[in-house]
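Same chain, two partners: chain A is paired with chain B first, then with chain C.
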Partner chain A sequence: MSSVAPCACPRPCPVKTFWLLVRAGFRRHSTYRLALLAGMTTNSVFGIIRAYILLAALASAGASIGGYDASMAVAFVWWGQALLGTVNLWGFAEVKDRVRTGDIAIDFLRPLDPQLAYLAGDLGRAGINLIGRGIPAILLGALLFDIAWPPSGLSWAAGAVSVLLAVIVAFAGNFVINLLAFWLVEIRGITLLWMITGGLLCGLYLPVPWFPDWLRTVATWSPFPSMLQQPIDILAGRVVGAGIATSLAIQLFWVTALLALGQVVLRAGRRRLEVQGG
Partner chain B sequence: MADRRLDLAVRLRPYRVLLASRAHAQMQYRTSFVTDILGTVGVGLAEFAEVWVIFHNVDVLGGLDFTAALLVFALSNLAFSLADMFVGHLDQLPRYIRAGQVDAFYVRPLPLLAQLMTSDLSLRRVGRLSVALVALIVALTTADISWSTATVALILLTIVSGTAIFSALFTTAGGLQFFLVDGAEFTNAFTYGGQYAAQQSQQIFPDPLRIFWTFVIPTAFVAYLPAVAILDLPGDPLAPTWLAWCTPLAAALAWALAGLCWRSGTRHYQGAGG
Partner chain C sequence: MSIIETRDLVRDFKRTRAVDHLTLAVEPGEAVGYIGANGAGKSTTIKMLTGILKPTSGTVRTCGIDPMRDRIGVARRVGVVFGQRSQLWWDLPLRESFGILAAIHRLDPAAAAARTDRLVEQLEMGPQLGTPVRSLSLGQRMRAEIAAALLHTPELLILDEPTIGLDVLSKQRLREFLVAERRERGTTLLLTTHDMGDIERLCDRVLVVDHGRLAFDGTLPGLAATVGAQRMLVIDLAEPSLDLTGVPNTTLVESESGGLRQRLAFDAEATTAAAVLAHVSARHGVRDLTIEEPDIEDVVRRIYAASGRG
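Presenting the complex of A and B:
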């Protein structure tokens, strides 16, 4: 092993900064414990209603639909509700507001790239939401329904990686949307469009394999299933074996593509940014 | 008599002026307004897509075919978007409480609830409302209904009472906000959760939940029970068809609960100081 410490640079080590920001995000969002409990309660009510809808549909069909049997459908619903707080599907407005007010200029002066800094904060937020909101929800789901657990240790491990990638895909997509505020005064319409199409295509309401062919094709070519459907399918045991590798590869593609796009847009925005005063 | 009418007109005038100013303000930024309306159209369409995708896979869900499910969807969404338009902004109460702005409402010479209800009129919800209306028209024209005066009366009664039920739920939530503040999302469980339950066939639920959505949080009255009566379907064995006519009763009970919650909430509030 080299004797030179990797962090001997004059600036603070980016990895250490990143990790500190993750922890800060975790702490920031863990302040509102009652809000976590409230979120989990609402998620659970929706989980109960939706589970009965899917079970009724399966009973009516008399067979499995799109590869989902009853316990897998229950797992689909409850993992979806459990991960809803972890994966930031509904987006955030912080970066957009900072662009509009010009505060983003301060972010550019900081030692860590703004995209990475906000990603770190979001990972922290995802962590506390997984612990405080996701795990209790999935345990409640398991208590109330006959739920399909991940079929093997590999599924658990791959599921965990897939959840992490889903968090990053959702963040990276929302980050790009937020940055559009460099060019547009009001991005509310675009945010709404993103939320609505995303909510439908990510597999929160119903599994993507249940969609009619054309809608499934649209979903498959979009980044949205990588935000929820892919991790759920691995955890519910619908995707196993080589399918897991394909799922993770697709997610990895969207992580890379959307983070890269974010960098391009960020640089273009930086050139455009004009901040008054001194 | 004329005096009393004049008196009422005078008393309602502040509300009329307030609402007109809110409506006027929303139209000032034309692009934002149109975008918001399109947004709520999108929300309505996404809700509809959920029903539609299910019926792409099955023919019958909880004893309802697609047309019947469409009628349930339409009635519940119509009532919910109307309630959301009139009182949905009670959701903002925790923000007012945290910012200390509720005190300003207390010192004005009008009832607090009436002020908060008229503090906004979310015109953008007409988007979702129009999706529900189109669904209602399609469902009523394609379904096999033996039309009579009673049917028309039941439909109108359902829309009015359903709106009242959801408004009561929003008000109950508002009353609880005085206690919850940071846990405001708790109430989403029965406002938005109730809406979600209302647009389902009650037969998909096991008995305890069916009793809950009928007699505790009466969202079954908003759409499912009337739809079953309108279409003359067998429906839920636990709930006889005549129950569909009891929607105003359910609304009255919901409002009694809402009034109680609101009173205890406003009395609990100690002010933000200053």
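Presenting the complex of A and C:
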């Protein structure tokens, strides 16, 4: 009856499926080129402003603050601006909207884990944002300012891995927030809280090492520095040697913890799902 | 083994019982129309069959699998189209949706390409392959949805309102395709619809659900017979005549234009159109005739009325 049977070789196929979904995410977001350009421009303008503010702060403090000299502080600003679109700090609404409209049902009709499918799509989105927004921004920053580059090939490689982990941590956290729509009619308040807390604690506005002690402690125990501060510290050369291993281990912990939490919440949500109408 | 089997299936929502001790079985290769009013429990049943919704009590087996325990196992063997939801990638050209779905279902690339080509050809979607899904017309999108649901050659195809909002021509093409697909592969079909044309063209069995209960299970003619729906012979006579009252096993419903056109209702079990015609034409000159089949919407209404629902 059927000539097209599911292939008997489960080994290479899931990877290929994942890769195709990454590519689809990349393609979906690359159709909005004007948005990429607008994002890049905004990021760069803010980069210039923020860089001068930090340089002024450093100049008034004397030499360095919290291990940052002038070129590291500039690197902190520009990597932050460059990674702002790549790491989805501000979150996404797609999953929440699909829960609310009931379209999440379609995701459950596929022989696929929805969390993995959305992660793949988000990695694709991160990829096009890195190419379209991130790299141009960091190049512009390098052109305008004296930036501290990663001190070694190892730092470059570890920085790349750290950026990837940061993308996953941000995705995994936002995915859990989105899934709260299974229980709450409106999650806008929670999303806003997440954005404000995350924006502060991830080290976007100020480096986490510059925080007062109590706030630094709060940040250290949260997943937010894993989304931005940690990859930036590796790329700016502030964290080197054994510090890199510790930093990546912390990120890996948050990746695992938040993805696992997402699985638990997704399962609970599926049992609670009441797709109305249609 | 039945391809769909439910036993004492119940699903409660906050205030209502959407599905109420539903027991039914569908055998492989059948084409079943699942009909009922809005809120009768059709979509809720389908959601439980596919593992989207957890039953309150009772059992469900789809392709022999418990959908709540093995959602993915069911997804590999069943194709589903919800007429009001899309499974395609909105921002991407149609071609890419098929590529991604083939990968999701882990199809062998050569076989997937052949299957896609065949579906695209049969559904005449070639010109739209490069178009982003968001730019497709409703008819084009619905054909694409059905192709997407059939890409992995499922044993069971479940269509929830597939022709809703489509124009007559689009409906026609979709039905013709489904008939051909079933003839070719013997795919089992479960269809919910408000369009009786879908049922008449596609289904050999009808399930009527009312208040979450099975109100009827049988053939379409059987459904009409159950509620005593009658066929109607409309006869145009050569000359004005008296009312045709004495024809055996018929009831005169209407006489127009001084008896030029007369409508006789008859029970298909008791007599035939030929016998009625023979009786009339032996006495009068018959110029023309038509036969009106019972209106199925009306039949469903009568089933509901009989079970105490307006």
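Keep this in mind: the second predicted complex is superposed on the first by the 263 of 278 C-alpha atoms of A that agree within 3 Å, B and C clash if a C-alpha of one lies under 4 Å from a C-alpha of the other, contacts with A are read in each partner's own complex, and residues count from 1 in each chain.
We take it that a contact is a pair of C-beta atoms (placed from the backbone, for glycine too) under 8 Å apart; a residue touches a chain by one contact, two chains touch by 3 or more.
Since this is a predicted model, take the numbers as computed values, not measurements.
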*Answer with first, second, both or neither: which of chain B and chain C does A:T220 touch in the superposed model?*
neither
*asked:* Tell me the contact category for A:P212 with respect to chain B and chain C: first, second, both or neither.
replied: first
_Which superposed partner A:G199 touches (first chain B, second chain C, both, neither)_ = first
*asked:* Just to be sure I read the superposition right, which of the two partners does A:S71 touch: chain B = first, chain C = second, or both, or neither?
replied: neither
*Identify the partner contact of A:P111: answer first if only chain B is touched, second if only chain C is, both if each is, neither if none is.*
second
_I'd like to check the shared interface: which positions of chain A are touched by both chain B and chain C across the two complexes?_
none
*Under the touch definition given earlier, write down the residues of chain B that touch chain A in their complex.*
31-32, 35-36, 38-39, 42-43, 45-46, 49-50, 53-54, 56-62, 180, 182-186, 188-190, 192-193, 196-197, 200-201, 203-206, 209
*Complex contacts: residues of chain A adjacent to chain B*: 32, 34-35, 37-39, 41-42, 44-46, 48-50, 52-53, 55-57, 60-61, 65-66, 186, 188-189, 192-193, 196, 199-200, 205-206, 210-212, 215
_Parts of chain C lying in touch with chain A, wherever the complex brings them together_ = 13, 43, 47, 50-54, 71-73, 75-76, 80, 82-87, 89, 91-92, 96, 99-100, 103-108, 111-112, 114-115, 132, 152-153, 155, 160-161, 185-186
_Touching residues (chain side chain A, partner chain C) in the complex_ = 1-7, 10, 13-14, 16-17, 20-21, 24, 27-28, 31, 102-103, 105-106, 108-112, 117, 271, 273-275, 277-278
